[in-house]
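Okay, got some structures for you below.
Next come two complexes, and both contain chain A; in the first it sits with chain B, in the second with chain C.
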Partner chain A sequence: MAKRYVSILLLTPALLLLTIFTVGPLVYTIYLSFFDWNLISPNKTFVGLENYAELFKDQTFRRIIGQTFLYIILFIVLNTGLTYVTAYVIAHLIKSNKGFYKVAIFTPSVISLVVGSMLFLWILNPVSGPVAIVLGWFGLSIPNWTVTEGMVIVILSLIVAWKVFGYNFIVLYSGIVGIPSEIIEAAKLDKISKFRIFTDIIIPMSSSTGFYILIMTIVQGLQYVFTPIRVVTQGGPNYYSSNLIYHSYHEAFDLFNTGISAASSVITLLIFMFLLAMQFIFVERNVYYEN
Partner chain B sequence: MKKEYSLFLMSLIVILLAACGNGESDEVSAESEEKTKIEYWHVNAETQGGNTVDQLVEEFNAQSDTVEVVARYNPDMYAGLMSNMQAEVASGNSPAVVQVGWAFLDYFSENFEYVEPQEVIENYHEEDVTFLEDNFLPNILELGQNAEGTQVGIPYSLSNPILYINKDMLQEAGLDSEGPETWEEVREYSEAINKATGNYGVYIQEPADSWGQQAMVECNGASFIDDGKASFASDEGIEVFQYYQDLVNDELALHIGWDQGIQSFIDGNVGMLYTTIAQRNNIESNASFDVTTLQSPTWEGKEKRVPAGGAMLSITAQDEEEQAAAWEFMKYLYSVESIAEWTKGTGYVPPREGVSDSEEGLKSFLEENELMIPAIEQMDSMVPWASFPGDSGIEAEQKLLDMRDIILGGDVDVEETVSNTEEEINDLLE
Partner chain C sequence: MKISHYFWHILIIVFIIIAIYPILFAVSNSFKHLNDAFTSTINLIPNPFTFENYQRLHETIPLLKITLNTFVIASIITAFKIVTSFLAAYALTYFNFRFKKTTYFLLISTIFIPFTVTMIPNYLIISHFNLIDSVWGVILPQLADAIGIFMLTQAMRNIPKPLIEAAQIDNISTFNIMKDHVLPIVRPALTSTAIWFFILAWNDYVWPLLMLRSRDSYTLPLALQLFVSSEGGTNFTVAMALSVITMAIPLILYLIFQRYIINTFSSSGIK
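So, the complex of A and B:
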């Protein structure tokens, strides 16, 4: 019995912090989503489900949900897919300068995203940035991406990828390096193609790491992209670069529609719970855990 | 593996160092413990007078035995400052002196607690009782009064929109270096510039407010706001936005964020720039070509009406000691010398008397600095910046920005978009 109390005691600090900083605000957010309030006014008006109804009636909000999924897909491609391939290439296909590649790829992840956003804004300035100038020599030009719908999401995702790539890469790299080399050597002797080694040996055997990265990509990507959106476009043009998380912020702290923002946060939460559930049901059962 | 550890360690150190950087600002106050410490909130980035703000605050702190001012920069202009202010008040604090943009005059006075400057003066600084009366023209002071006639703040940064011209580029395009006087001519000039040099003709400012667009609409004889209601969807208003959309669609005008737009002009990729006189210093010091300024263009046969840009200073300090300190600081900012510095560092027009024509003020500066002249000359055509009343002021302003995005974003029907936005704003205001 005593042992049980000790374990509860040891968990208390973590549970306390979790309650204060996660569960508490969560409950409060759900509460606020039923009120019309502007953050400073002394009176909150109870409006029931009206905030939710208003959001679903709003065409822009429905579009923002779609854009959120576009962001997620781009993140999966860039930050999980591409990273996986890069990690494999550097771990097994490249012979020299591995250290250099590792450092070069990891470095951006210690640089602040604000700095990164400013850098990209300058590099990709469609009129006077270096890329535009170089392309200009060949008679090409880059579109005015900050105000082009679609394009703006792709570039903002690239800025995030630039930042997140390094960390994901290092984690996946260690997962891939951890696979016993005999297996790969044996496959090589049997003249199995490099592509099949990747799809049939590397991915299945490092899938527990891969699964972790996949979840982090989906959960954290949207939080990371908040910074470049804030710095570069503020959600524009006309909300075409916004996503659910940015929109919740925009409603709360730019427009002070606290109720609408809370409702949008709750919807976001539900969507993410659904996504995570899907992942656990369909992806996790294929994951290989060594122990 | 070893390398990875050292890498990891290095990044840890970098993060730690970055975290330490934040702590520094708190240590300064130790020696000045008896001084009343107040916060001054401003929107002046380094390209827009931020250095002058820091310099004035530093000089003030050096000469004052009683007050210590901390300047805090707020990004995203006056809307950004309002947002930060709202969050700050929600957490129970408030700065002492804030810059309130004209567009937020009503919103600010309806939603925040402030003290009228004259009241503070009467309570704590009797020697200055006639300061406002003596030094400000009544019509300028009026800019800082809300619908009920309360003096919410004192005009500080006064600006109006002007047209900056890249003379070299105009010459290359074989254009008259006098520059365009009407918006119709701006289009003709842009076409010529585009044809001769391949560059964009003009960039019309697109910051997080619709001030520049208001100027264009007002100059066409329409008003942005009439009797507390949005009224820009008149025939004249729609004509303006149609013109603007065509200009962008025909690739004569650059459609891009404000900072990038100004940068493009400075880099010599755009021939003309329509923005505030407050950018004068930034443009003059960074452009490597012959730059000149012209009064805001108007429309053929229409009267010029330019909205007053900029901000007033309001006192939001809550306790008495801070209120007294706030005025001490403001009085310093409004002295002839400080206002002169402010104009030199930014390009704002002096809000008070006795600056332009006095030696310790700007007399010699203005004689040399011709770029300022158009802005000062068109001061008699200044109208108030559209300020939407009521709780929905911020949201109404946001709708105007959305509208600009939609119209410039492509081939939408301008008339429909403008009318819809006007309707939405008026629904909000009810």
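So, the complex of A and C:
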């Protein structure tokens, strides 16, 4: 039937592009993860699961896995937790200026992360930056965070949070506004506290939006933070600001260990596919509840 | 009651200051003399006001060429992605075929693939065709992106289906249904998706970083990276000037189309 060909025709360009530049490469990266190769040499040596074994033996890599989870926790707190609360405050606890607040909060989401990294590098400069100067008035100071283990990850996550906050906020806000207002008005009349309204009504009733944001924050945050890592620290000090995404890049294009890089990417892919499965199961289960 | 009311406003205003201050910081310092930038850091009003940073920037890097590269790359990526996404979203909304749900699910799944999984093979493809350090080397792999299909499908689902089905029964061609019935209704979503694609491509860093070698083929974010140094501050105000130029176009587009963009993202939560 002619109609069927039309639908195939319409889908072809998108499917073709995704096959060539996404699915094909994905398969080839899995293949590369079983080889020892330096990106240039004409010969690849088959090593089986050696690359994976080497990664898990490597202390640096175990540290990087740990740092990746630390990033994930920070993203959840900053870009889901804090954002959720902000969306609730603007949706239900204040009445005026909402339009302006929304537009202003979203603004950094359109700005390049290279610009963001550059600006925060200067704003948080421990000697001459404005934050250091203001803290100086109170006798306080900022440590040299770009080389301070532990602190560096927090600041790099803050740079990403600065950019992502607005986007997550808009999506969560519309999820919260979608909750029938009678329910919330009734709860307010019953003198239920603002905190309980948030935890017992808002979160459960906007949970599929919330869960979507939670998952996307992890998946995109780990990739977004590549830029501040590359621009500000190059993974340092001593790989303490690196994560799985940055490590794959570093192994492939700084050290030319293609197989190790591919193996590290495949591990990242498995984590992301697990998150996708969670998302799928959660949305399937909750779609009836919310509608 | 009153006090808590002010408290919430103040909290939100603090967030807004954190969001907006870096932008003001960049604009302000880009018009300061280097000495002023370090002696009156807190003061946001440049005194005296100077254009010398922009001039020095122009003398240090091929600024016009770099801005043009960024514009050309972002425009071509936007044009291709918006057309392919629109066509695919149309097929997935208004046609019924076997494995439609599976196709949609697989397409959306590709959003969860980290860029590191595709970067080595794509690098090899581009270098095989000798496109490294070229505009097309930057553009081609980025055309594969399912997020637009997702956003436009959401918008098309809001059009009453009987309207389209009636037209299909009347044997109106697919092209005419698109042009006369679908396009006018999804135009706001299409506009904001296009603006969003443009901003994403304009800001992109990772792929240009792998592709571009010579300064003449750089994009703005890549050029900005040349000015990063946490130690020596001699380029500070020039770096601020380049930051302002890099963020100007996305900010202007956002301010013009903010209502469209915010509405589109409001409806983009997975359902």
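Throughout what follows, the second predicted complex is superposed on the first by the 255 of 291 C-alpha atoms of A that agree within 3 Å, B and C clash if a C-alpha of one lies under 4 Å from a C-alpha of the other, contacts with A are read in each partner's own complex, and residues count from 1 in each chain.
Heads up, the rule we're going with is that a residue touches a chain if its C-beta (ideal position, glycine included) is under 8 Å from a C-beta of that chain, and two chains touch if they have at least 3 such contacts.
Values in this document were obtained by computation on a predicted structure and should not be read as measured data.
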In the superposed arrangement, does A:Leu18 touch chain B (first), chain C (second), both or neither? second
Figure out whether A:Gly236 sits in contact with chain B (first) or chain C (second), or with both, or with neither. first
State whether A:Asn38 touches chain B only (first), chain C only (second), both chains, or neither. first
Contacts for A:Gly221 in the overlay, against chain B (first) and chain C (second): which applies, first, second, both or neither? neither
According to the contact criterion defined above, which of chain B and chain C contacts more residues of chain A? C
With both complexes overlaid on chain A, does A:Val110 touch chain B (first), chain C (second), both or neither? both
Going by the contact rule set out at the top, does A:Gly259 touch chain B (first), chain C (second), both, or neither? neither
Residues of chain A contacting chain B in one complex and chain C in the other: 39, 102-103, 106, 110, 112, 121, 125, 128, 146, 170, 174, 232, 253
Residues of chain A defined as touching chain B within the complex: 38-40, 99, 102-103, 106, 109-110, 112, 121, 125-128, 144, 146-147, 149, 170, 174, 232-234, 236-240, 253-257
Chain A contacts chain C in the complex at 3-4, 6-8, 10-11, 13-15, 17-18, 20-26, 28-29, 32, 39, 86, 89-90, 93-94, 97, 101-108, 110-123, 125, 128-130, 133-134, 146, 162, 165-167, 170-171, 173-175, 208-209, 212-213, 219, 222-223, 226-227, 230-232, 244-245, 248-249, 252-253, 258, 261-262, 264-266, 268-269, 272-273, 275-276, 279, 283, 287
Contacting residues of chain C [partner chain A, same complex]: 4-5, 8-9, 11-12, 15-16, 18-23, 25-26, 29, 38, 41-42, 83-85, 87-88, 90-92, 95, 97, 103, 107, 109-122, 125, 140-141, 143-144, 146, 149, 174, 199, 202-203, 205-206, 209-210, 220-222, 224-225, 227-228, 230, 233, 236, 239-240, 243, 246-247, 250-251, 253-254, 258, 261-262, 265-271
In the complex formed with chain A, which residues of chain B make contact? 3-4, 7, 11, 14-15, 18, 76, 79, 83, 86-87, 89-90, 111, 200, 208, 254-257, 260, 263-264, 267, 269-270, 391, 394-395, 398, 401-402, 405-406, 408-409
